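Quick one: structure below, then a few questions.
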Amino acid sequence: MEKERILEISDLELHYFTHKGVVKAVDAITFDVRRGETLGVVGESGCGKTTMGTALLNMPTPPGRIVGGRILMDGQDILKLSENEIRRRVRWESISMVFQGAMNCLTPVYTIEKQMRETLQQHRQMERQEARERMKNYLNLVGLSDDVLRRYPHELSGGMKQRVVIATALFLEPKVIICDEPTTALDVVVQAQIINLLKDLKEQVGVSFIFITHDLSIEAEVSDRILVMYAGRIVELGTNEQIYGPQGPAHPYTQRLLAATPRLHEEVEALAFIPGTPPDLIDPPPGCRFHPRCSVVMERCAHDDVPLREIEPDHMVACWRCFDE
Amino acid sequence: MYWKYAARRVFYAIVMFVITVAIFSALFNAVAERVLRSQIREQVSAEVTSLGKTLIGQNRSEVLARVRVQRTAELTSMYHLDEPTLSRVFWRTVDSVSFRLGEATIIKSSAGEKDVLTIVGERLPRTIMLFSVAAAIDVVLGVWLGLRKARKAGGFMDKATSIGTMIVFGMPAWWLGMLLIMFFAFTLPIFPSGGIHAAPPPQGIGFFLDLLWHMVLPVFTLVILGFWGRAYITRNIVLGTLQEDFIMSARARGISERRVLFGHTLRTAAPPIVTMSLLAMVGSISGALIFEGIFSWPGMGNLYWQAVQQNDIPVLMGDLTITTGIYILALAVLDLVYGFLDPRVKVGGKA
Amino acid sequence: MKTKRSVSQARALWAEFRQVRFGVLGLVMLALFVLIVLFQPVLLSKADAANRWRDMTYWLDNPRYALPVWVNWFTGRDYAVSKIIPASSVVDSTSGSLRMQTMEFPYEFKAGRPPSDFMFKVGVTGRVSLAMEIVRPDGRTVTYNKSTTSEGSQILRISVAQNMMDRVFAMASSAEDPAIAASRNPRQIDSIAALFGKAQPGILSTPEVLNGTYTLRLQAALASPTAKIDSAELVIAGGVQGLLGTDGSKRDLWSGLIAGTKWALIIGLLTSFISVAVGVLYGVAAGYFGGWVDSLMNRIFEIFVSIPLLPILIVMSAVFKPSIWIMIIMMCIFFWVGPVKTVRSIALQIKETSYIEAAHGLGASHWRILFRHMVPQLIPYSFASMALAVPGAIVFEASISLIGLGDATVVTWGQILFDAFSSGAVLQGIWWWVIPPGLAMAALGMTFAFIGFAMDTILNPRLKTR
């Protein structure tokens, strides 16, 4: 069943212009986000996951710049909008984001009410009382009581802050919510609570999630489709079943990544690890970027750039071994 | 909650003042006692001389000698000079902490009094006036420029003014004062070379204008040296804040750039900026010393200068005690303001 | 392996430092200052200028308040340049039992203003009579005689401004309007201006310069058998002298500035090195040991920051009259608090990292962990704070000197400024005495600021703009 595509990203390129050279953090990435789904994005630290997330809001952190590609939303390229229009129509209105380390995402000198109200007022004409009702509703939805509103961020626990951030991400009812490592800084119990909360919300609210994490076991829990990134590129994109199912993922990197992850509900005998480090993105290796670390490397991997191709319906891979040629 | 914190901080400041004064008393014990003993000798001599004029009789010199010995002993014990060293230091500390700073040897107040507290006290407001005016201008200019720098960090204006900061970094304010006096009082005599008033001081509104006219050069000097540093620090604080996650988060929420900058950023950066600015004022109390001497500004700094030149130890010590007291008080006020501005401290949690 | 790592770290740091242009400029300037110190003997105008700065007899040949020579470039060679002229001819003769020596010293006078003095300087031994005659370009002469007897060798200075006023007055009066001449006396006129003035009415009041060759003829009669004269020179104390002119005590300010460079560097570097080293160790120790040690150390630290720096240093200097070395120690006593707070928090962070725990688990001693694992990580930060502490130390010493409490056995920029300020140079507009020492201080301060700020930018990635 083909769901409606609400975001279409094609050939997106984002480079960091540092004095050491140009870092190609996101390099010609193409994918889409469908209504109501959760798209998981995984990869090691520094592979460009977070950068890609901020790119979707057209908010690269300096010295980064989006240098190419399109992001289509309702058929319109948001990269072509003016800063003002992006602020009014895209940010939080259509796409909201729960940033990595959400505990630091609340302005420490404002009360929760003040920052939530400010966001609301920026986007909606609303009576004070109505706004208050709305904030309360969403705080309740994420399992917080009303009196959180008059608190300062430092008076809340990490899990509570995370819930506030999620409530804030929801309460304008956007189409897509990007969650960037939403559970990393939390302890295990709270982690599980937040994951369950997100799963519930998906059912109740019906928004799409882009769920960025390096933890494949969490992805397995929450995601409908998984996008695997390596060194600024997509190496594999498939459904939960295709990646986590008995047949296993197609790309050697995903395989190794999976082998290096302790499963939530399985006994682990030995954790494999991937030798080597992710490549320098200023001067990436030619051919397949994973080939220096790949255990099943072939000759052509070292010099032929590898494209992302569909090997079965909804399953795309960038690996010469997987192509029948 | 805040009041508890405030009370604790003020109490702590008092303790610090007592400790520092005790250190000074121990450090300068020998010289302070030498002066005190000679002051006692002088006083006794004066008493004996005046007594000698009224006394007639054959055992006159005998009586006078007895009175001399007796009075010396009395005064010595009054100032605890007959006690062991530790106890002498203790009593000096007690005296200093309760602002009994003794008598000057040479310097007098404008009314001719020799009490050190009076001498220092009449100069205190002048110092505070000069440096608070300068610091206020300096901070306003500095924060304004710092904000502009942070907004376009790495741009031409930012870089140029940062270089400016570095150029004046090691420049003594008093030297610049000398240059300006040379230029504006000698080459192009439009400002007075020093002092606080023309002699005789004009009356009414003229008095005030005359004061301003005398303040122009010193304030100008302090400001053009000071605001660069203020701007640079403000820039760094704001730039640091701008890179915080919550700023990115606010931007992502579609908050307008103006509100992000003047709301979230500035409000968060305010406590450190205010601290930094107040610290600059406090620092200028310490730096005032030389500066006032150059401009013959009759404040506490100039008093050090005079006391050193006339070797008036009690005034020197008294000035040091009062300066230290103000310094510690200012540091306490600074913490209190910070605590007031930053909700994280106000609650009394770990800051 | 350890050294290898630190070498590669240093290399990486240097690679980044090189990118910061003003940082490199700072290093170049520092190298320049070091070169000045190394080549001090060559740069001083007189060999003992640094040691005998306060010996006023050492500077007697110089003019007082002479402008820098380069002032002439802007005023069309107006001022006479200081000059020492040796004898152009020496003739020995005898007249009876007397031995005679005749010398000539020609002085080519081309400047638009007269020099500040015209002096004959000679070393004499035994009984000597000197007959001097100054022959002006227009043929008029001024004569002066002097006899002296001395046991050993003695240096004799005969100056027009001090010794020959009457003679010059007599010479000039003959050309002046008699009425004016009668109304003046030799003490009231500028005898140098008259000596170098055109022989016309006004020579006493508003003299015009007479250019040409002025020759000093000297006839020395050596009356005793052992009598002799040596190293005879004509000293023209000009209106301009040296790169930076002279001060009110006739000292060459350029030499003072050069001599002060050494002390500025010593004071700045030593103070900042000692105090930052102490502060860093203190902060690391407090952060590492934690607990009651940390609290105690924190209390002690608080006491030190509660004392206003300059006042306490001034009072201590006034009471104890320290030498320059003691003063450096005094500054260190109060300067070390600078890096403590930052270092302590960095140390706390390092302590949390697992490899310190690992080292601990492996049974490494406290000292080993402190010095092998924690301190090395703080070295870049320490360098930055050292660089930034240097200007402060220099300014503090200068401030103490300015009040008149400096160590009189050395030459520092602050002391030169003290001399200038206390002799009223500021209000008399003697800019060449006031500007250079402060400018040197500012330049050295700027040098270290460049280096320190550059390191700061590297160490605080948040401040990076690119």
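As written, the chains take the letters A, B and C, and residue 1 is the first residue of each chain.
The definition used in the following text is that contacts are C-beta pairs under 8 Å (C-beta built on N, C-alpha and C of every residue); 3 or more make two chains touch, one makes a residue touch a chain.
Worth saying up front: this structure is predicted, and the values here are computed from it rather than measured.
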item: B-C compared against A-B, more contacting pairs; value: B-C
item: Most centrally placed chain, judged by C-alpha centres; value: B
item: Approximate Å spacing (C-alpha centroids) for the pair subunit A, subunit C; value: 66
item: Subunit B and subunit C: spacing of chain centres that average the CA atoms, whole Å; value: 31
item: Centroid distance [mean C-alpha coordinates] between subunit B and subunit A, Å; value: 56
item: Set of subunit C residues in contact with two or more other chains; value: 466
item: Of all residues in subunit A, those that touch subunit B in their complex; value: 54, 57, 59, 61, 87-88, 90-93, 96-97, 99-101, 104-110, 115, 118-119, 122-123, 152, 154-155, 165, 168
item: Touching residues (chain side subunit B, partner subunit A) in the complex; value: 244-256, 259, 263-264, 267-268, 270, 341-344, 347, 349
item: Footprint of subunit B on subunit C - complex, ascending; value: 22, 302-303, 305-312, 314-316, 318-319, 388, 390-392, 394-395, 398-399, 402-405, 417, 421, 426-429, 431, 434-435, 437-438, 441-442, 444-446, 448-450, 453, 460, 462-463, 465-466
item: Touch list for subunit B against partner subunit C, complex; value: 16-17, 19-20, 23-24, 27-28, 31, 153-154, 158, 162-163, 165-172, 174-176, 178-179, 181-182, 185-187, 193, 236, 239-240, 243, 285-287, 289-290, 293-294, 304-305, 307-309, 311, 313, 316-317, 319-320, 323-324, 327-328, 331
